[in-house]
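Each chain carries a letter (A, B, C and D) given by its place in the written order, and its residues are counted from 1.
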Amino acid sequence: MKRIAVLTSGGDAPGMNAAVRAVAKVAMAKGIEVFGVKRGYLGMLHDEIFRMDGSYVSGIIDRGGTVLLTARCLEFKDPKFRAIAAENLKKRGIEGIVVIGGDGSYRGADLLSKEHGIKVVGLPGTIDNDIVGTDYTIGFDTCLNTILDAMSKLRDTATSHERTILMEVMGRHAGDLALHACLAGGGDGVLIPEAENPLEMLVYQIKERRRQGKLHDIVLVAEGVGKVQDVEDYMREKVSTEVRSVVLGHVQRGGTPSGFDRVLATKMGARAVELLEQGEGGVMVGIENNQLVTHPISFAWEGTRKYDIKKDYELAVMLSK
Amino acid sequence: MKRIAVLTSGGDAPGMNAAVRAVAKVAMAKGIEVFGVKRGYLGMLHDEIFRMDGSYVSGIIDRGGTVLLTARCLEFKDPKFRAIAAENLKKRGIEGIVVIGGDGSYRGADLLSKEHGIKVVGLPGTIDNDIVGTDYTIGFDTCLNTILDAMSKLRDTATSHERTILMEVMGRHAGDLALHACLAGGGDGVLIPEAENPLEMLVYQIKERRRQGKLHDIVLVAEGVGKVQDVEDYMREKVSTEVRSVVLGHVQRGGTPSGFDRVLATKMGARAVELLEQGEGGVMVGIENNQLVTHPISFAWEGTRKYDIKKDYELAVMLSK
Amino acid sequence: MKRIAVLTSGGDAPGMNAAVRAVAKVAMAKGIEVFGVKRGYLGMLHDEIFRMDGSYVSGIIDRGGTVLLTARCLEFKDPKFRAIAAENLKKRGIEGIVVIGGDGSYRGADLLSKEHGIKVVGLPGTIDNDIVGTDYTIGFDTCLNTILDAMSKLRDTATSHERTILMEVMGRHAGDLALHACLAGGGDGVLIPEAENPLEMLVYQIKERRRQGKLHDIVLVAEGVGKVQDVEDYMREKVSTEVRSVVLGHVQRGGTPSGFDRVLATKMGARAVELLEQGEGGVMVGIENNQLVTHPISFAWEGTRKYDIKKDYELAVMLSK
Amino acid sequence: MKRIAVLTSGGDAPGMNAAVRAVAKVAMAKGIEVFGVKRGYLGMLHDEIFRMDGSYVSGIIDRGGTVLLTARCLEFKDPKFRAIAAENLKKRGIEGIVVIGGDGSYRGADLLSKEHGIKVVGLPGTIDNDIVGTDYTIGFDTCLNTILDAMSKLRDTATSHERTILMEVMGRHAGDLALHACLAGGGDGVLIPEAENPLEMLVYQIKERRRQGKLHDIVLVAEGVGKVQDVEDYMREKVSTEVRSVVLGHVQRGGTPSGFDRVLATKMGARAVELLEQGEGGVMVGIENNQLVTHPISFAWEGTRKYDIKKDYELAVMLSK
């Protein structure tokens, strides 16, 4: 394979740039020409495709966001537009692409592969850690540290004012961020979509803390369990302390990627190029058991996650006492 | 004066602990006994007053929040309860107190001084920088850096997704935080209560940016201009980019204090003890013209701020182009 | 088992406190009494053993260093003194201990187990990542991020002054820190003890960068390859740019532990208690293939590391071009 | 004045980019053409002068170092070469320049002004805070925070291992960094060139700490007092604890500038353009008494600093007890 392209798609995640850089540098080292596609599939459709050189990826390894930009592209659900996009690749001789993003992005890649013979390799780039076929996604570790930093600040004020602070973090479908933040931040409670009746457990935990004379709490709330305002209203009736809520929001998406995410993104980017070089496609790269692995790209929606989140939830509950 | 006490009151601010530490250590070095009052005036009323020693303030200089805790105390508006509180000080031989907090806290101190002859020294502790008689309050610098860190993360995602992000920061009565963050963070617009028609200016600025081909913006919104959701609704109709808003909230109150705040708090704490040692009272300490100054404590509500915020607002507008 | 103790030994590492906390809290949740031993084996010998309660481990999860302190104890090589130490445990009814530290600490634990029937569980706590039987040690991830932060600062000045900066990082026996920092920080060269002739490769790399017009470099130097001053002298003769070196030193040992290290330490601490509860001993806990595993404690010096560092070194060299 | 240029000179300092950006953006807003000079006077001599546009300064406000690069230029001491440099400005119609750097840089500017009629404005850019005519230099506040961050990490390990750690920080001629770090970081001793017999005081302080049962210390050592190794050797004989030293080095020069430095740099940059616009020159801008001021540029070597460092040293000594 002589020409490949790389794009980022879906919500941005810290470490995407490190992956783009690795794809570009490893491709160049192997004598493969590498192109960048701007704004994900939207740019592929609108022919925003350009030749990348070393200077383009210089100094980006430690920057959050994605220099390739990202956007939604509803047209890509229509085969007619996918044909145009594929043609934009082919007219440049691009035979393979690396798609960095979430499972939504993988679906587009899968169709491009099946309908137009483009070799695709998907890399899991999302802060939510909710992709099947990998223990960690690019961006999760950085986001966890961002949440912990905010949590530490909230702890200061919760303690000083003796309040219960509910902290909503990202994770529409997966409680990984909330749960890991609770474990790592010494949280006093956590609400995740995967747990049964976490609200009842939370009320129990906080009452137990009051019994021990503790008058402040930090509670992690995964986006997926519902509106934090509803939780606040519910808690206000159950506990005597003042309750406040904070929605961390988009702050969680950005920031300098952590070492873990940069190493992960770098190795995955390198592997993606190796796979395309060998003519492989239709696969996603994951890290499982601390080793890079590949799965058919459809595994992202056909497989199931290995992570036993309930066991970690129980540990979190035990430690919050 | 042989015995003094220290308390924190109102919203917590990073650097309060550094001030408490300085009060305690300088008092001890001068042979003055020092007491801590828990939960501000509430603890003074409920007799939560204890003898402080060196170990109590060890290791707190770099911690956010306040180890003395803080609380509201509505009873303190009633002279009957102030008399009880004063008696709790007097029965221990405490003749002077250092009150670290905002101007609301100063009013209580002023009454305590006038009604019961307690010598009081106020130190400006609040992130908002809205106290008359000082160029900087303890906590403002740290909070500015916290906002800039979040702003940098939001910039990553605003750029990657080509969005307009509105970032609400604290400042109910003063736009200092929003404006300084705009200047220091390279903000693309700022809404502060002190400016006239900032919304119109903002729309103009963003349209100008579109004309230059810039498709992302970070806008600082001071709490005091109203609900960020209303601003979001307004902007959505005026600009073509997607608009998102983030309310940073209580995260702004906590965190390890910056060097600036710790030095300021330390010097102010030391000065407060010197003043009480000399028998002075009824004063607040400020930093003006880079020097520690004192004002009558009532200056906090009778005086006016020197800061010419409009000039800095004009600079911010000029630079955002 | 009704009573256990926990100690930290060897060089301190961020995350040790999170492990101590997990041991204490999980033990309490299971109705096991838990003791702390101060200053590692030295305190065991000098009977510095105390009953821990919840308040002792409150608020320590995010603090670097070790609240239990650590020290060298040469006497512990003498069986006579080990007998005294074991007696200090037994007289309190302590049947099992958790030792958090490096492989040197494991040896003492192993002897205590064999000679005196104390059940021991070792947890890998060291920034160097040089312990056999685990993919990651507690402290490594935090240290990597500390190095990356310093590296980013050095990059600013190396670029501005167009210099070659050699950055010596820890790792007497293992190049993990240097190599991961090079991969994650976009380093321009790396010297690790495991590579053959890395100096020659480095000179080649830098000359190649000059050919491309790049006039600044950051080079990671693992402590284990020798004195950075010697490397500096060598390089000064080979490259035309000014060469400077920085020895990051003890700064690498401290700091708030990262989320990764806190989660790892927490899970390992919980597992250690479970093992003792089940009457197991003479084992070390590791994380391999993203799962907690146990090995006989002697595996730490009898086994060999799985990590294929040469492959990652080659990737680092490829990316630095 | 229709055309101006900006350059950075001497050691790089965080905030220089914010100043460059402000100069460029304010000049453009005023309809003045602005040029960048690369590598300070060296680039002026070698004609590395280019027209700056908005995109050049976009996204640099939060980056350490200087995008304009910096270098030494010994030739600039020779009037012949200064004439060539001046000619390079004049042939482009550049009538005024902004020089961001230390007092060494101001001397070159002064000669350029006197010999060739170039209007010059100097801005104080150095981490050392050692420039006469300003209370703060651009970069000092950031550097202080960098030192405090490292100090906090060293505190973890000093406490855990019960050691005395000597931390050498920058400041060849001024103890500002060491002293402020001691005040803000809760240092247990400080050696600055301005104090008399600080070593004796230090030994006294540490012995006093031992008497109180404190077995760990962090001591700040300003570069200007001599080699930290000599201090280490001296202390080793005087105190019983293990002594270690750390030379923070070039790490102190880089990093994202703090809010304070960015606001300061931004305001100074704006003022420099206003001055040139009004035809003023031969001046340096400072901040004194919290207000921007101007002095004749020679004030930097003819004036004396206002800062009463001995008073702050006494406070530091009092607090370290």
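Everything that follows uses one rule, which is that contacts are C-beta pairs under 8 Å (C-beta built on N, C-alpha and C of every residue); 3 or more make two chains touch, one makes a residue touch a chain.
Predicted model, so just to flag it, every value in this text is computed and none were measured.
Chemist: Just to be sure I understand the contacts, which chains border both chain B and chain A?
Modeler: In this structure, no chain contacts chain B and also chain A.
Chemist: Counting contact pairs by residue number and requiring over half to coincide, which of B-D, C-D or A-C is equivalent to A-B?
Modeler: Having compared contact pairs by residue number, the answer is C-D.
Chemist: For chain B versus chain D, what separation do you get between their C-alpha means, in angstrom?
Modeler: 28
Chemist: Between chain A and chain D, what distance separates the C-alpha centroids? Give it in angstrom.
Modeler: 40
Chemist: How big is the gap, in whole Å, between where the Cα atoms of chain C centre and where those of chain D centre?
Modeler: Chain centroid spacing, chain C to chain D, equals 36 Å.
Chemist: Residue numbers in chain A touching 2 or more other chains?
Modeler: Within chain A, residues 152 contact more than one other chain.
Chemist: Among line, ring, star, complete and other, which one matches the pattern of chain touches?
Modeler: Shape = ring; chains linked end to end, path closes on itself.
Chemist: Among the chains present, which pairs are found to touch?
Modeler: All touching pairs, sorted by chain label, are A-B, A-C, B-D, C-D.
Chemist: Report the residues of chain B in contact with chain A in the complex, numbered from low to high.
Modeler: 8, 11-12, 14, 63-66, 69-71, 146, 150, 152-157, 159-162, 165, 244, 246-255
Chemist: Write out the stretch or stretches of chain B touching chain D in their complex.
Modeler: By the definition above, chain B touches chain D via 18, 21-22, 25-26, 29, 54, 59, 61-62, 135, 141, 144-145, 147-148, 152, 180-181, 183-186, 212, 256, 258-260, 262-263, 266-267, 270, 288-291, 315, 318-319, 321.
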